[in-house]
Each structure stands twice: as structure tokens, then as C-alpha cells.
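Some structures are shown below for you to check.
The two complexes that follow have chain A in common; it is paired with chain B in the first and with chain C in the second.
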Partner chain A sequence: MLTFLRRRILSSALPLLVVILGVFALARLTGNPASLYLPLNATEQMRADFTEKNGLDNPIWVQMAEYFGGVLRLDFGESLRTGESAAAMALRAFPATLQLAGTTMLLAVVLAVIVGSWAALKPNGIADRISSFISMAAASVPDFWLAIMGIWVFAITLGWLPTSGVGGLDAWVLPILTLLLRPFGVLVQIVRGAMVSSLSEPYIKLARSKGASEFRVVTRHALRNAAAPALTVAGDLAVGLVNGAVVVESIFGWPGIGKLMIDSILQRDFAVLQAAVLLTAISIFILNILIDLGYAGLDARVRPTGKPRKASKTGKATAAPAKERKLHVQTTP
Partner chain B sequence: MSKPPRNVTQLPTGGRAVAPPGTEAIALPRPDVADKRIRLFHLLLKDRFASVAALILVVVGLTALFGPTLMGDLATRQDLSATNRPPFSFADGWAFILGSDSLGRSMVARLVVATQTTLSVALPAVGISLVIGSLWGVWAGYHRGIRETISMRIADVVMSFPSLLLAVVILYVFSPSAANIVLILAVTRIPIYLRTARAESAELQSRTFVDAARTFGTKPNAIIRRHVIPVVLPTLLTLATLEFCYVMLAESSLSFLGIGIQPPDVSWGLMVAQGRQYLQTAWWLSFFPGLAIVVTTVAANVLAAWLRIATDPAQRWRLTLPRKRMIMRIPAKEIQ
Partner chain C sequence: MSTHTQSVSTAREDLTENEVVLRVTGLDVDIRTPKGVLRAVNNVSFEARAGRTLALLGESGCGKSMTAKAVAGLLDPVADVTGGTVVLNGTDLAALSPKQRLKYAGPELGIVFQDALTALNPVYTVGTQLSEAFRIHQKLSAKAAKVKAIELMRHVGIPEPESRVDSFPHQFSGGMRQRILIAMAVALNPRLLIADEPTTALDVTVQAQIMKLLRDLRTESHLAVVLITHDLALVAEEADTVAVMYAGNVVETGPVREVFGSPKHPYTRGLLDSVPADVGRGADLNSIAGSPPELHRIPEGCVYQSRCPLVQDVCRAIRPALEAEGAGRTVACHFALTTANKELDHV
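== the complex of A and B ==
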């Protein structure tokens, strides 16, 4: 298991590093913050002072080295906007995103499992049609439009819910419903498909013939085997949500990491942007490893053999189904 | 060895008779392409949902092509005495049947002009990423080894990159033009095709008919061109239809956030964004452009679902059956 973990960490570390370096370089391409933070009539001297004070006059690799040196000392720099520590700002915004993403994913998974299994049991039944319709909507309706129409109907016309903010529980309804559509629409089809194929397996016949109740057949025998593909896709969807639902967060004024990121991009607040990207990258990294572990826990066939390089051929063969499945799944909307 | 029978796969009958089951479809000489198209068209007409979807897409396409010319300056003509006119009233003529915006411009005309902008971003973006991603993926999957590993790592990096950041940077550094948005969307979607094409081609390159071609000394590029790509193509085209929806939604989101299409140009997403501040008094400013997006993407999705079945020889028979109440859905096979 440890070898598996080590290999997984090593192979994910490279993209992580490239993303952080890329964000660093790209952010600096957007221009000098001096032109945003100093008054229009600032003298050349003031600009130069500002640039020098924030270390922006150094060549980019010197800035990068300083930044990584700071990261090692857990010093992520200060916001140009507020002078606050960038890490504190990112950490303050993160729980809001996590709460939103967590609640949405939990609801999506539970609903998708229930509706998906029901649809698989009765193809062309009512649940099947509802889930097809929602999946189609999930792949076709732009989330910002859905959010705006939700505000128009429920907040402005009916006056049931607040238009934005993070007040009471009612403020959660519209953001969650908007975010829920896509994960649910994708997941329900995955669960349905996996359930249809696992319900036609011989072991289901066996379970039925030995007299297991229909509920037990579905929950214990079929669902357990259908869980693997659903888990992979749920993981991918969760990654998307943790990355910050920028659109939904900015429409509903939700103080999450996505809103922080887009704000700091527009304000050229480099330190905050880097801290936010680093934080989400690390949490996505952890999430991915958890998904892989969960996957291995569910399906003995993809459990790592623990054999290192030498048996790489067989190692690859055992790891292949997981990867292949993952790849295939991503081709569906 | 000196004369590898390159045309063995085209032998009239002998070559085919030996082919193991499952490879006939590929080994067969290609049926007349025109004939194939006609058959596909007949299949399409049989499916009511898919026909309507195709019709909608054709109408949208024609609107994008000829609409702006027909509308003339109607989309930009302002009339400050008649702002935010409500929809569904014939009092001001057909141009204002969907109301007018905050500057008194006709909604119909603006929607038509926006169709052109929206499509002129979505179609090239899909085309570019389809061609580059597919060729790259097929190549990587065929050769496997280091070429495959490096390609997949690149795909991972691109996929994990915050594409929004990329968009803002391009917007700041270069001019915020439609061409740059096309470029961003194309680059960020290449990995999707790359991964799919690689997976399919890696599987194909171990099949018997590819092995046979290799044994006869066919060059890798020729094998890819003649034996791998024809098999992978239907999957990739279906994927491209779905991607069209995604790219359209992505462009709308970018425009909505203010980092996509810039005024005075107008796209559907931008119209939704512009209408947002008048939501309390003029809901139609946001509603209709959003509806246009939904109708187009639903049509593309339905067509993609149909295409997926129609181009799959193992499933095509479903479409020839007398139809019961068939629901468009992703077949279970695709999902696993």
C-alpha cells in the first residue's frame, strides 16, 4: 500500500508543481500591480518604489526562489489589497467553499444512488425518465442562467429566498440547487449504467435464488459492485467543486475560494492568488489520493500489488482497469 | 519482405474469409461513402427526436450565416424612448416581439447577431481541439511507451490548470478578441480528445488486424491512417458533438464573468450577464438568450446521443426497430 501511495504521490507531484509555477508566471504576465494600486498621477519614482518594495523588479526566477523559500517557512506573502497575510485570506475563504461543495456532493451522491438504482430496476419507468431528463438538463443548461432564473423566480417574484449572502439556512438553497444539477445529472447516469450491468451478473441471480430480499440484493450485492465507477466520477466532480464554483459563488456573493481567486486575478493580488491556487491544488491532490484508496478498497482487482518497478508489466496490467475506466468515464458528459 | 502486400486487406474475398470474427467490419472494402451517408440520413428521419434536433441545429447555423446581414443595423439601432419594452406584444412590429433591451434595441435582432458570435467561437474551438487532440492521442496510443507517458502527463497538467486564469491572462496580455477565446477553449479541451483517442488506439494497436498490418511491413503512420483512425473516428465525432455543448457553455460563462466576448460585440452569455442588473424590471433580457443556449445545447446533446448509437455497428439495429417510447440516454455500454 505504501509503495502504491508513494508512486501515486510522485506522479501527481509533477502536475502540481507545474500548475504552481505556471500560475506564478502567468499572473505576472497580466501586468504590474503598480498601475492598479497607485493613483494615476503617481510619479515614475513612486512606481519604482512600489515595485521594488514588493520585490517585483527582480527577475522572475529570483521572485520564484523567494516565493518557494517563503512557502517552506510557511510564509505565503501579504495581500497587496489589504496588507493581510495571504494564507489567512485563503484559509478564511476555503471553509465556505468546502461547506458548499461537501453538502452538494453529499446530496448528489445520495440522490443519484437512490434514483439511479430505481431507474436501473425499472428501465423506462418514471425514475428512469426523470433521471434522463435531469441528465440532459445538466449537460445543456448554463449554471449562471439557472442561478439568475432561480433568483428571479424564488427571490424576486415569490420572495421566498434571499437573492444572495450567507445568512440563514435559506441562503443555502439556491446555490446548492444550482450546483447540484450537474453532479447529480452525471452521477445518476453512471449509477444507472453500472447498476444495469451489475444486476445482470450471475451473482445477482445466485443471491436472488438463495432467497435474499430484493432490498438486500440491490444494496449489498449490486450497489457494492456498481460503486467503483460512481466513486471515480464523483471524485472528478468533487475536484471541480473544490476548485471553486466561481460562477455560482460570484452570483450569490458566496465568500468562497473561487470568488477570492477571480477577485485576486482581476486585482493583480499575486500573493493571494498563489496562496489560493496552492491551497486548492493541495486539497485536490489529497482528494485524488483518497479516491484512489477508496477505489482500491472497493475493488480487489485494482488493489496495488505492492511490487515495485521490476514487475512493472504486471503492475501496469493490474492498474490498467482503473485507469481505463476512469478515462472512459470522462468521455461522457 | 521486399514487396509487402499492402493491399492484402483489400483482397476481394480471400483475405476476408480468413479474418477472425470481429474484424470483418474493418477488413471490408469501404462501402460507397455517399451510399453510407444516405442510409444514415434515412435512419435520422426515422427518429423523431433526432430529426427535430438536427433541424434546430440547421436553423441555428443558417441564422448565424445569414441572420446578421438580414437584420442590418436593427441590432445596434438605439431608441431611448422605448427601453425595456416587454415581450409578446405586436404593437411595435415583429422585431420587438421579444421585447427590447435597456437601450431600446430589438431583442430579436440582438439574439440573431449573438448567434453568429457564439457559433464563430464554439465551432472553430471544437474543430481545432478535435483535430489536434485526436491525432496526438491516436499517435500516443499507437506507439505507447515514453510517448504515451509524456502525452498523458501533459494532458494531466493542462486539465489541472485553472482555465479561468489562463483566460484572464490572455485577455490582459493580448487583445480580448474572439480569436484568443477560441485559442484558450481549444487548448484547454485538447486533453479530452487526447485521452479518449489514446485509450481507444492503445486498445486497437494490440488487435489482430493491426498486428497483421504490422507483420506485412506497413509503416506506423499508414496503419494509424488506414486502420486505427477509421475505427476511432465515430467515437471522436460523437465526443465532438458533446464538446460543442461544453465549449458553448464555457464561452457563455467567460462572457458572463466579463472575461470573454467584450461589448460592443454580443454573445448569448454576454446578453444574460447584461440583463442581470435589470432582473427586477425586465426578466426577458436574461431569459431569452439563456433559452437560446439551452435549446441549442439540448439539440446538440440529442443529436450526439443518436450519433453514438447510429455510428456503432453493434447498436445500430436499435434505430431500425419500430419505435416505442424511446428515451434519449447514454447507453450503459458507454458509461462503464
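== the complex of A and C ==
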């Protein structure tokens, strides 16, 4: 277990570093914040002072070194905009995103399991055709378009729902629907494919030979085996939700990490942007570990042990069978 | 290896040795394929008796597994029973709805499938899977069912069942997995056990152990066993009666000794001739020329006409029915061989 964690941390350290460096450098390409934070008629002297005060006059590698020095001391810098600690701002925005993404994923998984299993019971039956149409449509609608249409129809024209904000339950409807459709559509296809293949496995017949009811066969035997490939894909989709959240949070004014990122990019608030990206990367890292642990919990054959089974160089390898299966199930029409 | 000190299954009070447990009559199974409906099992009849082994013998593809699955009510979705009766202890299973059949699966009828070695569910411990029958039919608690599962494992000769009960299928050898599957099939002390090629995937020493286990189970609980195989030697050693199948049809039945001693159907005769009896190793097998007809090309008259040395015009026109031919024997041939025109004794 510890070996597994250590392996995961080591193998994730480098990508994480690359992400941070990339964001660091790209952010600075957007230009000097001085032009945003100083009055239009600011003198050259004022600009130089601002630049120097914020360490922006140093060569970029010096800025990086200072930044990393700070990170090691858990000092992530201050917001140019508010002077507040960047880390505090990111952490404050985080729960809103987590709630939105968590609720969305939960709904997507539950609905997809029900619809996907129902479709798999009779491949090419009526239920299968209907669910296939719905899930294809759901998976291919762009989320920003859906968000705008949603606001237009339900908030502006009909006036049923608020256009933005975080008030009551009704404020959740449009953001969740917008974020939900794609993961739901993709997951229905995955669950359906995995269920069709697990329902044709010999262990299903074995369960029936013991007198297991249809319900028991589907839930205990087929779904339990379909869970592993579904989990892997759900994990990828959950990571993708973070991207979706940036768009959806901005459109609906949801005060989460995505909105914070966009705002800090627009304001060249580098420290806040970096803190937000770092926090997101860390949560994706943790999410991936949880997925692997869940995966191992579902299937004894890939349970991580001290000694690597098969050719698992990194923890990632434990998820490999699922990836293969995923490809396999996706090709099922 | 298998020590039967702690006996789980005991002879059922309601069974007397040699009583007919299963009577299959005129069973038809059709498969729906893109090419149309194919008859995979045609007018098949046989019976299995308590404490006895009936062998279903035939080449690959002749419909043995299909027959077994039809009897157990576990056909693939593309296949249907379209005729005949499957009477198990007085109840015609073929007339029951799938839901009604559930209560027979386990307590009355156990089956070990052909693909058994891959049939265990990879995500559950064998203990959980062995417990399932007790959980479903006897509504036992998980704990009580696990105790039964351990007993069952000991009964079928799995060493250290207390610790092995929490292992997963991939941690067992093929022979051990086959024992577990047999244990599952006999868990609720059924009247009938169908074993579809139970030793094909195993090596020779393990094969012998598995056959001994099946024999022991049969003897101690008056189990009627249907043994499906293409192995003539296995039939000669293990079975009391045999039903020879060809292209979905039963062509000859009877006590093994008599059928193998004096085969009456030209196909049975051909099968026996293809086995080197006293001939030394390396000698040419006298195998039957040609191959069985494909399902969509089964001819009008006798199913064996394309390979039969005795074929006549009447064989091409009229399919011979399975008819009594001496005590306890049946043959489906217009020209059933008489003892007089055979000269080899194959047993």
C-alpha cells in the first residue's frame, strides 16, 4: 500500500512540475499586470516601481526560483488584486467547485448505471435504441452552447430559473444540467458496453444455475464486474469536469475555482492563478489515487501489493486492464 | 486427497437407487441465426437414474452442451426449446416459466458447465460464491452460509478450506476450481448432476481425481449423473448407460457394456472402430471418413447418410426413428446391425 502510494507520488511529481512551470511561463506571456493595475496616465517611474515591487523585473528563472522557494515554505504569494493570500483565495473557492462537480458526477453515475443497464438487458431492443440516441446526443452537445441555451430558455424566456448565482436549489439546476450531460452520455455508453459483455460471461450462467433471480444476476454479478471499467472512465470524466467547470462557472457566476482561474487570468493575477492551478492539479492527483484504490477494491486481480504483479512499473499500470477493456467496450456498437 | 469424513450430502430419503430421476422426451432446440432458424437438438430422448451415470457421447458440435443447457433451462438467448418434455422427478421443467424454474436450479438440478474453469466470478471470493446457493434457497445469513461453504469445500477435497474460503478464483489451480464448481453444483444435494466435459481442460492425474470425486458424490447421495463427453474410454470407465448423439440426434442408447460390446448403429460402430483397441501405438486409426453435416445442411432422411457405409435409398427418404432394439437398447437406423455381422469386441 505504502509502496503503491510512494510510486504514485514519484510518478506524478514530474508532470505536476511541468504543469506549474507551464502555467508560470504562459501566464507571464499575457503581459505585464502593471498596465491593468495602474491608472492609464501612470508614469514610467510608477510602472517600474510596480514591476520591481512585484518582482516582475527579474529574469523569469529568478522569478521561478523565488516562487518555488515560496511553495516549499507553503507561501504561494499574494493576490495583486486584493493583497490577500493566493492560497486562501483558492481554498475558499474550492468547496463550491467540489460541490458542483461532486453532485454532477454522482447524478451522472447513478443515472448512467440505471439507463446503461436497462439498455444492456436487451441489446438492440427498444430500450437500447432509445438510450443510445439520448446518450449520443447528450455526449455530443457542447457545454457552453447548452449553458447559453439553458439561460435563454429557462431563465430569460420562461423565467423559471435564475440566470446565475448560488442562491437556493434552483440555482443548481442549470449548472448541473450543463455539466451533467456529457459525462452522463459517455457513461451510459460505457456502462451499456460493459454490461453487455459481462452479461455474456460464463459467470452469469453459473449464477443462474444456482437459482439467482434476474435482479440478483444483474446487480450482484453483472454490474459488479462492469463497475471497474465504468469507474476508470468516470474518473477520466471527473477530471474533465474541472475543465467544464471553468466554462460553466464563468457563465453562471458560480464562485468556484474555475471562475477564480478565469478572473485571475483576465486580471493577470499570477499568484492566484498559480495557486488555483496547483490546487486543481493536486486534487486531480488525489482523485486518480482514489480511482486506483477503488479499482483495486473492485477487482482482486489488480490489488496493489508490495511486489509488483505483472509488469507494473508505476501505479498507473494497475489501471491498465481497465483501459484495455474500455477500448474494447467502446467499440461495441 | 478427498476425505469424506464430514459428509455434507447424504442419500436423499426420497430417492431409491436406479429410480428414473430425469426423463427427456422428444427434446427440440432451435437456434435463431442470421441465416435462419437452425435445429441444434432434434427429438432427443434419454433418461437418467438415481445413483447411475448416463453418458451423452458424441463428436464436437453434435449438440451435447445444447441438450444439457436446455435441460437446465439455461440456454443462450438465441436458442429456444421448441418441443419435448424434460421431466425431473415428475415435474416437466420445459413447461415452467423461467421464474418458476429458479427454485429447481440448485435444490433439484446441479450443472457443471463446459467452460467451467473460467466460469467463476473473478470479483468474489470462492466462499462468497459457494455461499450463494445457501443464501438464495435456504435464506441463510452470510455467516451461516460461509460455515456451509467451508464444509462443502472440505467435502470436495480442498485442503485447508478455512483459509482458502476467502481466496479468489484466480488463486486456485484448474483442478481446484473444478472441485469448487462441482461443490457449487451439489451444494443443495440435488437429484441430478449434469457435468459437461468436466475433465477436458485438466491434466491426466487431475482428471482421475475429478472423476473419483464425481463417483463418490454419486454413490453417497444417489445422485443421477449426466456425463457429457467425447471420450469413449471415459464412457467405458464411468458410465452405466450411454446415449450416442450425432448432428443433434440421438442415434443409439443402452447399457455401456452392451452398446460398446455390440454396437448396432453404424455411427457407434464407426466411433468404436476409430479407437485403437489392441493395436499398437502409431497404428493408423480407422477413423470415419467425412465430417458431420453442418446444422443448416442436415439432410431429409437419416442424419448419418453422408458417412454411412450401409446407406440405401430408403435412408435418404425417411429418417429412422429411435426404436427399441433388444432389452434396454434403442437404435435409430433402418438397418440396425445385428450381433451376427460384427466381429470385433471393443470393450
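Simple rule for what comes next: the second predicted complex is superposed on the first by the 299 of 333 C-alpha atoms of A that agree within 3 Å, B and C clash if a C-alpha of one lies under 4 Å from a C-alpha of the other, contacts with A are read in each partner's own complex, and residues count from 1 in each chain.
Keep this in mind: a contact is a pair of C-beta atoms (placed from the backbone, for glycine too) under 8 Å apart; a residue touches a chain by one contact, two chains touch by 3 or more.
Not measured: the values here are computed from a predicted model.
Trainee: Does the chain A-based superposition show chain B and chain C clashing or fitting?
Mentor: Here the two partners, once superposed via chain A, fit next to each other without clashing.
Trainee: Name the contact category of A:R224: first (chain B only), second (chain C only), both, or neither.
Mentor: Once the two structures are laid over each other on A, A:R224 reaches chain C alone.
Trainee: Using the touch criterion from the header, give the chain among chain B and chain C with more contacted residues in chain A.
Mentor: The partner making contact with more of chain A's residues is B.
Trainee: Taking the C-alpha centre of chain A as the vertex, compute the angle to the C-alpha centres of chain B and chain C, in steps of 10 degrees.
Mentor: Once the structures are overlaid on A, chain A sees chain B and chain C at 80 degrees.
Trainee: Output check: A:A207 vs chain B and chain C. Expected answer is one of first, second, both, neither. What do you get?
Mentor: second
Trainee: So, A:R73: does it touch chain B (first), chain C (second), both, or neither?
Mentor: The answer is neither, since A:R73 touches no partner chain.
Trainee: Quick one: is A:L266 in contact with chain B, with chain C, with both, or with neither? Answer first, second, both or neither.
Mentor: Only chain B; A:L266 stays clear of chain C.
Trainee: In the superposed arrangement, does A:R216 touch chain B (first), chain C (second), both or neither?
Mentor: second
Trainee: In the superposed model, how near does chain B get to chain C, counting Cα atoms only, in Å?
Mentor: Comparing every C-alpha of chain B with every C-alpha of chain C, the smallest gap is 8 Å.
Trainee: Where on chain A is chain B touching in the complex?
Mentor: 14-16, 18-19, 22-23, 26-27, 29-31, 124, 128-129, 132, 135-136, 139-145, 148-149, 151-152, 156, 189-190, 192-194, 196-197, 229, 243, 246-247, 250, 261-262, 265-266, 273, 277, 281, 284, 324-325, 327-333
Trainee: Spell out the residues on chain B that touch chain A in their complex, using ranges where they run on.
Mentor: 153, 156-157, 160-162, 164-166, 168-169, 172-173, 192, 195-196, 198-199, 235, 239, 242, 245-246, 249, 252-253, 256-257, 269, 272-273, 276, 279-280, 283, 286-287, 290, 293-294, 297-298, 301-302, 325, 327-336
Trainee: Help me check something: in the complex, which residues belonging to chain C touch chain A?
Mentor: Going through chain C, the ones touching chain A are 72, 74, 99, 102-107, 110-111, 113, 115-116, 118-125, 129, 132-133, 136-137, 168, 170, 181, 184-185, 187.
Trainee: Hey, which residues of chain A end up touching chain C in the complex?
Mentor: Touch residues, chain A against chain C: 202-203, 205-213, 216, 221, 224-225, 228, 298-301.
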